Structure formats: structure tokens, C-alpha cells
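The structure's right below; bear with me while I get my questions together.
Labels run A, B, C and D following the written order; every chain starts at residue 1.
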Amino acid sequence: MDLEIFTTGGTIDKLYFDAKSSFQVGEPQILEVLREANITLEVRVTPLLRKDSLEMTDDDRQLIQQAVASTDAQKIVITHGTDTMIGTGKALQGIDGKTIVLTGAMQPARFRNSDAVFNIASAITAAQTLSAGVYIAMNGQIFDPQNSRKNVELNRFEQLEPQ
Amino acid sequence: MDLEIFTTGGTIDKLYFDAKSSFQVGEPQILEVLREANITLEVRVTPLLRKDSLEMTDDDRQLIQQAVASTDAQKIVITHGTDTMIGTGKALQGIDGKTIVLTGAMQPARFRNSDAVFNIASAITAAQTLSAGVYIAMNGQIFDPQNSRKNVELNRFEQLEPQ
Amino acid sequence: MDLEIFTTGGTIDKLYFDAKSSFQVGEPQILEVLREANITLEVRVTPLLRKDSLEMTDDDRQLIQQAVASTDAQKIVITHGTDTMIGTGKALQGIDGKTIVLTGAMQPARFRNSDAVFNIASAITAAQTLSAGVYIAMNGQIFDPQNSRKNVELNRFEQLEPQ
Amino acid sequence: MDLEIFTTGGTIDKLYFDAKSSFQVGEPQILEVLREANITLEVRVTPLLRKDSLEMTDDDRQLIQQAVASTDAQKIVITHGTDTMIGTGKALQGIDGKTIVLTGAMQPARFRNSDAVFNIASAITAAQTLSAGVYIAMNGQIFDPQNSRKNVELNRFEQLEPQ
């Protein structure tokens, strides 16, 4: 296995159920994305949570932390809701020797127009090309969780200050 | 003008706004559907409401009734939320001399997989081929509002009893 | 069974094979269209040919004619290449007591933007609502094969003269 | 400007023209991909050629070589037909101090299911994260042009031998 993907929920996996007129986190969409792109990389997909990131608790974050620390994979992608992605990224910074890339989407992968495929591809590539550490892959860029934020108004990730 | 389309909201026009983590009725998607299908029929699109059909009031229904009654078009399509589509259909049955077809979608038109395009095409065709009256175009069939229901569990429209 | 669909090929079913850098007629896409739209109508899909309509011979046309004449279905949709759709339509006009609707697409159903779903829905609806006869469902309209043509330059179907 | 993208044609930009029943290289699709993914990276897109890669001549390859050598950009992505992508990659290996990533697609970007978005995202990310050199981004992996090939039968890129 070359790379492990942990899914935790978030907008990227959101579905719409008409009968209930509600909008919920569904099954991980990432397998379909990998199939459509005809990925030959050996990838293991491990669903951990199925939550809006605003509802993530400290226990959830600890679950993710333990899964990442205990896997034998050294290249790791985590799909995550965007609202608390940076917080989870910071919580993972104590783990040594692994390249960990978090990503998500502003529009569900099920939408005709979505940033989901682009962001997943970006994260999978970054996990293979970057040295050990924790990164955010969003909006076509790679961010350091210590030096970035989600701009809620503009609905995008930004660097806090020029490095 | 050959046909008029009134839009009233419903799932068909639902969007997802990440910043607010909510799911709302957006602009009518029907213009994009007509463009993509390269429709040469002369169509006028008139937005009336932008509501979940569960939130429709008697006043809303009266607004629709008046719009349909007063237009010079004789072939009319109404996009509508599915939950109260049949009720609105019954309320329109007093209007004479017009072919009125209601349709909607179980999955938003913005989704990669949606019944929206099929249902709109079905309604536009039925409005041109059927005689005056009120009809529901859903699930590939044409229903009479007096003799049909939305099966919420199976998420589809059904005839009440064999005719 | 409520309706039978015969598939004969054409642009609607075209795929792209990179290895050969060619573009060929593939498997009928209509089953996926019916599934996505959650059709509850009882439909039988019968593949007859897999051809560009420019390559259709008199034998092919006779095959279609016999299939339509001998089926027990009274509501029939035929997916067909657009270039000779009108010719096939005329050849079917001797069959009595059946509503036969031909349709196709200018852009393959596999494309993100295609008229395929709209046209199939239009044909399926017309086959249920129109009286016996042969019709073309394209560009959101219903045409009489005796009084229509494909405008190759504008890439759309037109009525020959006002009726 | 952070990154320059040169487009040269190939399957990724293929369109289908029904009137001619042919399949041709169209306008670069990459701008739509960047918009859909809400890329905030500063990117310049420069169309160079619009060719099937099997039709590329030595002159074409020299044109690409000069464009890459003379731009002030240090991070470069080239969209290219897959059949001769590796050859062009080798031809670019004399250029120092730049990170050059070639990518393309097995299925046109216009298709509902395509590897185009994934591959573009992978190339844009690799161009930002890898050191100077020439790379191929296909099938979720990064290849060295000197040590890879397109497996035409399986329609994918492969490493020639384990490194």
C-alpha cells in the first residue's frame, strides 16, 4: 500500500434526501473519484467518521489522531469538513515521520460543479511529493495549518501572512 | 411564444451554501436546462416564488393561480416542490382552456445525478401534446392530480388506483 | 410492459477510446438515463443496431421496420443517429396502430453537457401522450417526419413549412 | 504569477461535432477546471497548439521547448496528448531551474466521467511541491519521463522498472 485515506465527513460527502428535506453526510465519495481518475496508486480508504466538521468533538479529533499515528502508512490523506480542518491539522502536528494532507470541499462531490475532485487529487499528489509534516490542500494551494485560515465570507482558504 | 414556464422553487432549484452549512432554494435552474438541450421552442420563463413546497401558503397558491389564469400562454409548465405539488395541481383545476403541467425533482438539478432534466423535458413535451387540463409529470409518467400521490417512503409519485 | 425502446446507435451512444484515438458507437446509454430519472414506467429496452446513422443500409432500416411491426408494444421509442432519422421515420409510416417516436442527440449522452437526457424524456412522454403515428422528438419539439429536416449548419431540427 | 500552464491539445480538449460526425481538438478546457475548483493560485494559461499528440512534429516540440525556456515562470504545467507525452517530456529535460509537469487525459474533460480534472490538479500540485526537473502526472502518480511508458493496451501510464 502506497497511501492511506481517512474519511471523516464534511461537505465533500454531503447528500440530499428529499423525503426528509434535509441534507446529510453520506458515504465517502472518494472511491468513485479514484475510480473515475483511473488511479493506479495502491490506496487504502478507511472511513473514520461521518460528521459535519462543526460537530466534531475532542474525542473525534483524538480518534483521528490515533488512527493516523497507528497506521503503517507514511503518506496519509484526510477528507474533512472545512470549518475545523485547520484545528484538526494542528492537532496532528505532533506525529513524526508521516506526510499528512487534509482536504475537503466547499461543494459536495455529488454536485455537477464541485471542487471535490480537484482537492482530492491535489491532496493525494502532495502526500506523495512533500516531506513529513501536516498540510492543508485547498484552492489549488498547499497551506501550513499554523499559518492559514478559512475565509468564511469568501469561502476559501488563505495564508495568514506572507512567508 | 409557444409555452410559459413558472418557477416556484422546490428541490429542483436547491443549492448548497457551505459558509452557512445550509441548503437553500436558489435561482431557477431551468434556463440552463433549456440551453443545454438546445431547445428551439419559444419559451418564456417567469420566476414566481423561491420556496420549499412545505412552506407554501394559501396566498402563494393564489399567486400561482392568478399568474396561470392571466397569462396569454395556453401551454404552461410549473416547476414546484414535490411535497405539495398535487395540492397546487388540484387548486389549478378550475382554469379552462389551458394545458398546465407541474413537475419538480427529487434531487437538485445541480447534482451530477438528478431527475431534474428528465422531468422538465417530460413536462414541456406533455404541455405541447396533451389537451387542456392539469397534469403532473414525474417518474416518466403523466398523472392526474385527482388520482395520484407522492409516496414519501419510496420517494416517487404513484397513481392512487388503476383507471 | 408500457413502452418499448429500440436502440440503433448514433451520436447519443458514442464513446471515446483513447488507445485507438477513435470515436465509436458504444453500448446504449438509455438504461442509465432511465435509472437516474427514477422511471417507474414499465419499459423494455431492445438493442437492434450500433451504427452511425450515415452508415445505415436499407437492410438495417428493414430490420427496424420489422422489429417495430412485430412487437406487442403500442408505445415505441427509437434512439437513432440524427443524420438519417427522418428517413427512418418515413419508412415506418406504414405501421398502423402504434405511436412511434424517434429521437437522438447532437452531443453524446456521456458528455457533461448533452441534449440526450432531455430528448429521451421528450420521446418517452410523447409516446405516451400522442395518438398512433410516427414522430420525431428533438430540440424540445415534436416534428412530423414528412414536414421536417435536420438543419446541418445550425445543428438542429426544423419544420419545413408552417402547418 | 505563481504558475504557467501551456496547452497543446490532446484528448483532454477533444470535442465532438455532430454535423461533421467527427471528433476534434477544441479550446483548452483548463480555464473551466480552474474556475470550478475555485483556484486562488495566480495562474497564466497560454495556448500553444491544438493537436492530437500523434500529429506533433519536431517543430511543434521545438515551439514548446522555446516557450518553456523563455517564460519567466518557474512552475510550469503542460497539457498534452498522452501518446507522445513522454517524448515531449524527454525533449524538455535540458531546461534548468524549472519544475515542469506534463499531464493529459484518457477521456475528454467534456465527458461526465473523465480523468481530466484529477490529472490537472495533480500536475498543478506537483509543479508547486517538486524540485526543478521534468515530470509526468498521470493515474494519480508522478513519473520520470526517462523511466515510464504509456501502456496502450491498459490505457494507463506505468513505471518501466522499480527504482
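One rule holds in what follows: a contact is a pair of C-beta atoms (placed from the backbone, for glycine too) under 8 Å apart; a residue touches a chain by one contact, two chains touch by 3 or more.
The structure displayed is predicted, hence computed values, not measured ones.
S.K.: Among the chains, which one keeps its Cα centre farthest from the Cα centre of subunit A?
M.R.: C
S.K.: Could you grab the centroid distance between subunit B and subunit C? Build each centroid from C-alpha atoms only and quote it in angstrom.
M.R.: Distance between chain centres, rounded to whole Å: 26 Å.
S.K.: Using CA atom averages as chain centres, what separation in Å is found between subunit A and subunit C?
M.R.: Roughly 44 Å, centre to centre.
S.K.: Of all the residues in subunit B, which ones touch at least 2 other chains?
M.R.: Each of 106, 112-113, 155 in subunit B touches at least two other chains.
S.K.: Classify the chain contact graph as line, ring, star, complete or other.
M.R.: ring
S.K.: Which of the chains are touching one another, listed as pairs?
M.R.: Contact pairs between chains: A-B, A-D, B-C, C-D.
S.K.: Which residues of subunit C touch subunit D in their complex?
M.R.: 11, 14, 16, 18-19, 21-23, 52, 54, 82-83, 106-108, 110-113, 152-153, 155
S.K.: Where on subunit D does subunit A make contact in their complex?
M.R.: Subunit D reaches subunit A through residues 33-34, 36-41, 43, 106, 113-115, 117-122, 124-126, 128-130, 137, 139-142, 155-158.
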